[in-house]
């Protein structure tokens, strides 16, 4: 079966969720109570705005991830043909990984791998 | 426009205020912590308490001394028996009643059993705070065995109400000694499993070592008692310093560490369970013969004066301060509850750690909310 | 080099400690015999409470419908929550004297904290604890109970 | 057409024993395909096949979801020394169905000030992602919806898509716990994606292909975990750990850390919308477990040992689908075992584990494996 | 130091103090104005080193409002009880000892909450258990018709 048939799975998923949501929307009871629609914060009204600038220290991780993920994508085709190409492929990937490893080591030593 | 941008970049704007509690899975009770976060880092913790304030101190002013005892059960419900004992000891001290050895020994055994079951529940919920749900069931499974012993002797499982001024409500059940010995044998086998499951675990070490450090100086200044204080090196075991009941006759060691982090607060409690088992083993075979209660007057009136009694509950030092004006009910009762004082240090030690650590620190302080609110 | 050895050691020790934890849970998984869970409503018939179990306060009556309560009110005084209320009446004894006797011994289960002060202080041992532990009812008024049965008498010889 | 995967290498040959031919699903699917062709036109055949496959997938999906929830509850109960569900049906097997109906009949609460479009979109994304991932998994010989030539890469990519749903759910809820949970899950996915990829690369080197059916076929002579000995085993462990993290499970469930964030990203979801997240979590677990089973444990290949012919015949007799399911559930059991034993990690430890331990190990492991393959030292 | 020596020592710090030997502990009565200075001295003097304030209780004496401090030294294991009282029931004010013993922070908030005694220089004096609509329930003249049932 050809790859375009993936759309079938997409559609089945969407229809599945949609139908069940509609069904549940019909059978589920509804009651109106203004407090019910408040966001849950342990029974206390939320203080301030929720969508604030939020400092999560993973900016550096995101960049590192980009570097390494692109590398993974590059390595996949190499991995497929590795057996056929032989020694040359191995030497190349050692060099490639060595450079990457240096990068990781640099980030490590610069304490970039610590979540702030 | 420019002002708006400025506002966003200032530190106050970055603060993210979150309520943990009163309806939160990790605060064991209705404790509300208002946590200011910066990213994941805790900037300050403000405890808001009083959700179950019942005014026990005020209620005590209008009831008689034997009736006070059953109210103290409801303060620290996990150390119910020890709380009872504290009030009884105060009344007995005030009336200068001589208590026979049998009562003292039984009270001590019961106190230590109470301590073990309290620590078991703490272990269970602490494991759950860290995300290891299995601990909860193991802890409660073993605690059940002690509660069965309690139920057989006292008639109820947790809120025992077993003490009365001048002795005990009933004598111990004939099976008591046999069952306690069985339990000790069982628990000595089980306790190493706790270590394997949680304390030996590398994830647990990472989560707890160096987290929430409390120095000795701060521990004394904040008055942190109990295992939490002793983990910081604060020698505050009332059983050693001001022995009551049968603690002066037995040999046991005070568990002391110097590090004062979450890990050592944990280890202090685990070691205390071992120590409690030692204490019980020393006493269980030699319970002296004698009456289980001293005959007291039907209406107990304390002579005018002030009385203070300290006991060591599972969480720290409980003080009962009674001012009597000679009537059948006290003029003023103050309970110096260990949890109330231990809570006050939370902001100090949780600052600068992550929100997950706050949960771990809170768990390691072993707070029981009804004791805070009283 | 040293740091690499430490690094590997750390990994191996860490994995080892994790395996030890998995041993505990795994051993319980393969030993279902250790499960002690009670299937509560199913085992109701053979569920025996301990004889001292404080279920609820009752007033034992003998087969002639007699109880031991003299209506002295000591339990009412001793109850810390006011869950006991005694309504007394005066009756004429056989020799023509007026005497205080109990009309209704009202016990509010919803307020009781099971401190056992009433049972313990009762001078004539008229009260006792039953083994009943299923207190749930649909109507709150059912929790207010009259302990002396209708038409019951004071047992002979109890003062 | 739909059922016409004919792989020359894997098609049944006369030299195979009869049971191997019997268990080959490709002949069955061919038969269905041709009979449908005879009965109606090309267009209607396609439609009919679509319907059959859609219904089958839905059934399978729902069954797996329900069964996994039940299995998890039973496994965790036994590990925790208790009974688990035991009231609804014998041994409580209908408990999850009862729960499903309960959730279906619960109110869907719209949260004030929530971004309602994204809020409703999130369950769609998590479910669709898991559906699309399940499409590429070979259940047995010939029982394989889409056999992509980059199957491994595709499954990793699509199963990672579910995290977008988690992020959306957390962000749109207008709830502080949810937002923190979403941020954590973002950081998590950013890290553990790498380990999953690299540990699979280790095997791709050995197999020389990314097509899942070919990877399975290459394990006819021995599962990769045995073939590639130490590096393959290390890769398997790394894959287990990082895939557990990727599915937000076990000691890595920081996005929904219940003791800190009550329920994390799905705090505000109620009723059936919550059930979708719940379902997707289990299906994702199933997907990663089946990848592990396919890539490391030989998929639907039976367990054969060298020259023990009698033993091998008995093993061959077990249908391939059972082998596949057995291996998958073995991996799932290990993941459940993780979850119910370990305490949760903290967010920085989670990242430390990835960047300081798993990633360097993985890089070295890939090189060792490449070297092994180069030297022909594998079995 | 035993109880008598301790009493004498405290007398030597401040001769006008009223020192009573109680049944258990040595009790020192002190006017509010001198409390803070004495507390600081007791905390810092080499001979006493009362570093552990293990109980702080507010008491309504009927006419006066008072606070009782139970101090202990972790080094010498001796105990002293400080008592202070103020006659001003409407605006009672005492000096806070929260900067000497940090534990006093919560204790004083509790006393403020339940008895209405204000502590000057307290870092964060807010009500602890109750909200501001309540009176001060531990005072003897507190009346609450709804919640307090008297027989």
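A, B, C, D and E label the chains in the order they appear, each numbered from 1.
Here is the rule we go by: contacts are C-beta pairs under 8 Å (C-beta built on N, C-alpha and C of every residue); 3 or more make two chains touch, one makes a residue touch a chain.
Here the structure is a predicted model, which means the values were calculated and not measured.
Separation of chain C from chain E in touch steps, taking the shortest path, is 2.
Each chain gets a centre from the mean of its Cα atoms; the one farthest from the centre of chain E is D. Using the average of C-alpha coordinates as each chain's centre, A ends up farthest from chain C.
Chain nearest the geometric middle of the protein is B, using mean C-alpha positions. One simple way to say how far apart two chains are is to compare their mean CA positions; for chain D and chain E this gives 65 Å. The geometric centre of chain B is 25 Å away from that of chain E, both derived from CA atoms. Separation between the centroids of chain A and chain C, computed from CA atoms only, is 55 Å.
Each chain gets a centre from the mean of its Cα atoms; for chain B and chain D, those two points are 46 Å apart.
Chain C has residues 18, 21, 24-25, 36 in contact with two or more other chains.
For chain A, the set of residues that touch two or more other chains comprises 41-42, 54, 56, 115.
Taken together, the chains touch in the following pairs: A-B, A-D, B-C, B-D, B-E, C-D.
Residues 76, 79-82, 176-177, 180, 251, 253-254, 257-260, 262, 340-349 of chain D are the ones touching chain B in the complex. Across the complex, chain B meets chain D through its residues 16, 18, 24-26, 40, 127-134, 136-138, 141, 197-198, 201, 203-204, 206-207, 354-359. Across the complex, chain A is touched by residues 8, 13-14, 16-24, 32, 34, 38-41 of chain B.
For chain B in complex with chain E, the residues that touch the partner chain are 49-50, 53, 55, 57-58, 62, 218, 220-223, 225, 234-236, 241, 305-308, 310, 317, 319, 321, 323, 332, 334, 336, 340-341, 343-344, 348, 373. Every residue of chain D that touches chain A in the complex is listed here, in rising order: 1-5, 50, 53-54, 57-58, 61, 104-114, 120, 123-124, 127-132, 134-135, 145-148, 153, 173-177, 179, 183-184, 186-187, 190-191, 193-194, 197-198, 201, 204-205, 208-210, 262, 267-268, 271-273, 276, 347-348, 351-352, 355-356, 359-360, 363, 366-367, 370-371, 373-374.
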